[in-house]
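Chain lettering (A, B, C, D, E and F) follows the sequence in which the chains are written, and residue indices restart at 1 in each chain.
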């Protein structure tokens, strides 16, 4: 079992959600984060003083899936999330040792 | 470019300034002055001024956090630019010496001669009257910002705001309040359901439809999506402020402290209450739960509706006008959203345009003196309808030309990227709520 | 069901409407009209109206974000429903022709005959007086929403709000201001410490205790937990608005623009200030740090306290009344919270009920004319105490019957699930702050 | 310690209370009473009171969420403590019997004898005048809280607030409005550009510079960083409230309902508008985007600027004064921030100090009667400049001694830890926005 | 060393906190997230337009613990967090390679 | 590839950001969390009732880096984030199985 963690532009959330649902993946956990990377933020002027905004809003989407589905999901997500500009973000994959569904107590792959 | 505009504006100001100073001097006051009338009109005018805060809160509260600074700034500029433009030119077009029943032609830049003021025949100094009229003009201007919120370029909005305050509104005002042709026909719009609110509402309709809907408002199949506002508390505060301010708007329009004020205040209050209660019940039945933001619109609809007839109807009539406005609010919002497919984030077209028209026509039904239901026949009703149509035609026509011109010359709408990231950052390089964690919209839709 | 109620309400309105129209016609005004008095009372009434915005902000700010739309909606409906109910029936029960010193019996639906109005003997149009009284009634009604916040069913609240505006409040009002029995005894409640605030406060006490505390307010061992509000800034704004509005509430109750207004405004202001300063110092000593929300309550306590005696005491007396109210605020809140174990999220019982009673009794101590400390003996003190007790008994009694009936018939409280997720979603299907990341309560307790 | 202070305060109050009661009795009113003047001054006073809500919202909105409760509390205490202090002592120092043109010496604790009041020669009860003056005093006091926001110890602030209301402000007030030496010279400050705003602004400058900048405001190389406020919507609401309240501040200062009110209201409005528009254009050109919070300051700058001359200039002059104030706002804020390196989070020094001085001097240029540009020569200009300098010297001198003393005795600034975690938790053990997820500042800078 | 990540209903946070404290686990990191899964959200009407709320508020609780305590904690958490309705959430277990206590610089199990 | 997850005092974010940038690490994802551990919160009084604040605001900083850089980064972060008081927080290290740069589709170490 693997966790796919997608960090990308907030406005892409809905499209990503739609595409993974088509792939049969309905479960996910979403949170707002701030990030920096190659994308360097902007400079703005506030009351005459320059401000550099170097952490930009990003959305983090976490999905725990069976190991076999990882590549397919990654490929599809890349497709919709790609704009080609810096700031598109990253996908990280972790190993998950155990999954428990709280409602039933089921463990392992069935619990995903 | 911008530097040049600035210079130009300053030069014009300086020039006209000194040419008018000459006018304003060397005469003696001869109008009949009443201290209590002056106090009344000024206090009422201050209350109407405060409605600007109400509009700002309603419009900001009903739209998204990422555009809050921008909407606030637009509201602030409506008053600021409007105050200067109306003083300089609008007031003269509205109340200056009549030309053909269509437009006024004197009293620019505050140059009201004492003798001409004495002829005007009211008991307060002209500056007090001018203040009262200025805040009315600003109200008409500010209505549009709500309907065009979250996607309009700031620079284009500024141009619109200037033009409506300086010419579109004053000319309607002249027709009805300044001795123009509708005035002559006996058209009754006591405090401005049509003059102020419909003008704002129709301009909003034209503006919002030329501008197009916000990204994400309509699905490909045309189904509308809800885009909830970011602060119901601020929105509700705005409605309370507007209700409060309306006690200046309507009773103040009597322009004198006489025995009619009490009735006007009561009709105003009852219609607002009836509008709110009606919408609450309708939405409860129709959507299963009483809708908060629509109920707030219902109160405003009742207020707009009673504005034309507040001095002409009795209290029972006021309750009915409030109820009628309530129905029009609910079905009007749905109509604009689903049938016209015009994206009006705060319901300005319905509240000000539709309820303004409905309220004006209702005078023909409920006026104690001349209303159809009170045995007055259909003459007044006809005149009211004519006035509503004429003002709608004028406003939509001029607004159409105005917005199309702006669109062609400087563009009306921000870029897709800017709209997504929010106009606060895009247009002003700032965030309204820097300390708070903002969710992405898709997290709650 | 709901459709039927709607129809019923409309039918009744239509019916009564046309029956009363007849009444209101065909007479000539004969009361003595004063323009300046009318302006004064109306402006004061507008300020009192604006207090509704203050209540809404205080109550929303002092409770949690997940219930903010609901509390706003309750406040809005207090004014809207109250305005109509009071106009239709309440005003007549309060000021109409007296029956046995207990209740008024005419002037329903605004049908005030000119001759009876002339007899009433004040110098403003009856509609102006009616407006002033309407906003007072709405104040009494709205106090309760704060104490019952975050767990009361919306439909039940609507029923309560209707009943208090239409009968509970007007009857007390009749006793004291409408020529009833307490009036006859010489009971002094100039602007309504008892008539308005205590009525609201005692109804709040009964309502909140029948309703029970919010989930998580008390531990199993009865120890209270703090449930902080979601916006101190909005709460403080509300207090400023209320203080501002009180300048209409108290000086406006003079009902004429005479030489007493200045003193009334000063006593009002000094008591508010003294209440706030006192609470700040007490909480500083008692809790180590000056408590913000309690200090805000202290200001309100001072205002409620001075309301009865604002025209009867001098400025020094006003400062003392403010100080006394301040003490009662701190210990009253603790008493309600810990001893009575009634969960009152905004402190309404203490501020309006307790400080209202204390303020009314203080008139017996500090009145320049008749107060114990000014050599007036204990007679006035006794009458004041009697009035306080009588009103408390009436209000608690009727409120008890009302809330028990509502509880039995439609239920008073939302479900546990709804309370946890918040009444905004549960009752209205909306969120007050859609764009902001809300924390779960346990993250900060 | 604190208990003892409390006791002491109470004892003093009790003592003086009863000594003054004696004074206030047994006399007959002999001043000439005007109902309409009284209504006017009171309503204007209420509007000025409401400006406190405006200050609270501006100051809270322009600073960070973690200090919002603290700033609210400071604003609330400015009014509360100020009201009592000014009633007790300040009013007497300001308007009591003149000593050497420097200070008043009677009328303490409201003990204004009827005969001395009749001599004062205005047509409203002394309590009405006192209320009007009290809210002015509170305005002067509250200006400082914004400049010293986010780092000042609460207890020290309380001491400052007490001292400015009880002595620093009243003495300036006596010089200019109370029959003192500047009054005698013909110095013109109609509604208090200098008396109220400059006093606040200069005290703010001294306080903020003794206090030092907030952590993170300046880099090691002295480059300033921006620390954006937490709620532009509340800040803007505050500005709308202030603009609204200014219609009481300026026209109310006429102290009578005469024919000048209209002009004063118009000049006030035009200067505010011109200030806002000017700053919007300047920031647009200078920083590429129109700056929201600076534009809001621009409106306030225009208002402060016109306050001295609102009754002496014409409408064209008002527009110019607004434009001039706008320029001073932008460059003043930059000057204070970059050159003086004084950290003034809300721009209070610029808006109230600098624009107050500029506005006062502008009277010497634009006064229709005596202004340089209107052919009046430089005499008035010289007197205006002298007054500005004298008041600045007095205020800065006394404020310097005051803040240095407080710093030495109780300390002026919170600890580094407390400043980082926020004054809400540090000083009051509370959070202003408990339900919202707050970001750490570095997440957006 | 393992990380236990619990995603569940916000109103369960306090009970979970209480039960793990009984088990001797005092440290945790909590954040608010939004999630979807079998629980499909609600439909509401806003101004006459239907809104489907499909990401619901959840709380994420992260605890890094010794490998031996994982099962015990999971069992106990399941007990209090279970309502039996969809939306109860999931528990995920990750391997943690290193833990450092910043205050002391200690590493490994002692640092937990 | 490893993920370094730092949970520490919010006011340290900027210093940490500065130091890792010096080490050539420009990418990170930041979020606000609440935490408890040895640091036991505070007691405050609100309207006369005692409140114990037992979850305190912390910042979570996530960086995915090559395995070779982990120690260096940890050492440096510890240096600036250490105050020596309880509440300084923890650093956790996870293994990451795959990294994808959405913009280009690149995978593995080059994508970090």
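Quick notes on this structure:
Methods note: a residue touches a chain if its C-beta (ideal position, glycine included) is under 8 Å from a C-beta of that chain, and two chains touch if they have at least 3 such contacts.
Since the model is a prediction, treat every value here as computed from it, not as a measurement.
The minimum number of touch steps separating subunit B from subunit E is 1. Under the touch definition stated at the top, subunit A and subunit C share these contacting partners: B, D, E, F. Chain pairs A-B and E-F differ in how many C-beta pairs they share in contact, with the greater number at E-F. Subunit C and subunit F have centres, each the mean of its CA atoms, that are 51 Å apart.
Subunit D and subunit F have CA centres that are 45 Å apart. A straight line joining the Cα centres of subunit C and subunit D is 33 Å long. In subunit E, the residues that touch at least two other chains are 30-32, 34, 44-46, 51, 55, 94-95.
Counting partner chains per residue, subunit B shows two or more touched chains at residues 36, 39, 43, 228, 231, 237, 287-289, 291, 293, 429-430, 433, 436-439, 442-445.
Every pair of chains that touch is listed here: A-B, A-D, A-E, A-F, B-C, B-D, B-E, C-D, C-E, C-F, D-F, E-F.
Residue ranges of subunit F in contact with subunit A, taken from their complex: 3, 17, 26-31, 64, 94-103, 105, 111.
Residues of subunit A touching subunit F in their complex: 2, 6-8, 31-38, 55, 58, 60, 70, 74, 77-78, 81-95.
The residues of subunit B lying in touch with subunit E in their complex are 224-226, 228, 283, 286-289, 291, 293-294, 330, 333-334, 337-338, 347, 439, 442-445. Residues of subunit E touching subunit C in their complex: 10-11, 13-14, 17, 30, 32, 42, 44-46, 51, 57, 59.
Every residue of subunit D that touches subunit F in the complex is listed here, in rising order: 420, 425, 429-430, 437-440, 442-443, 445.
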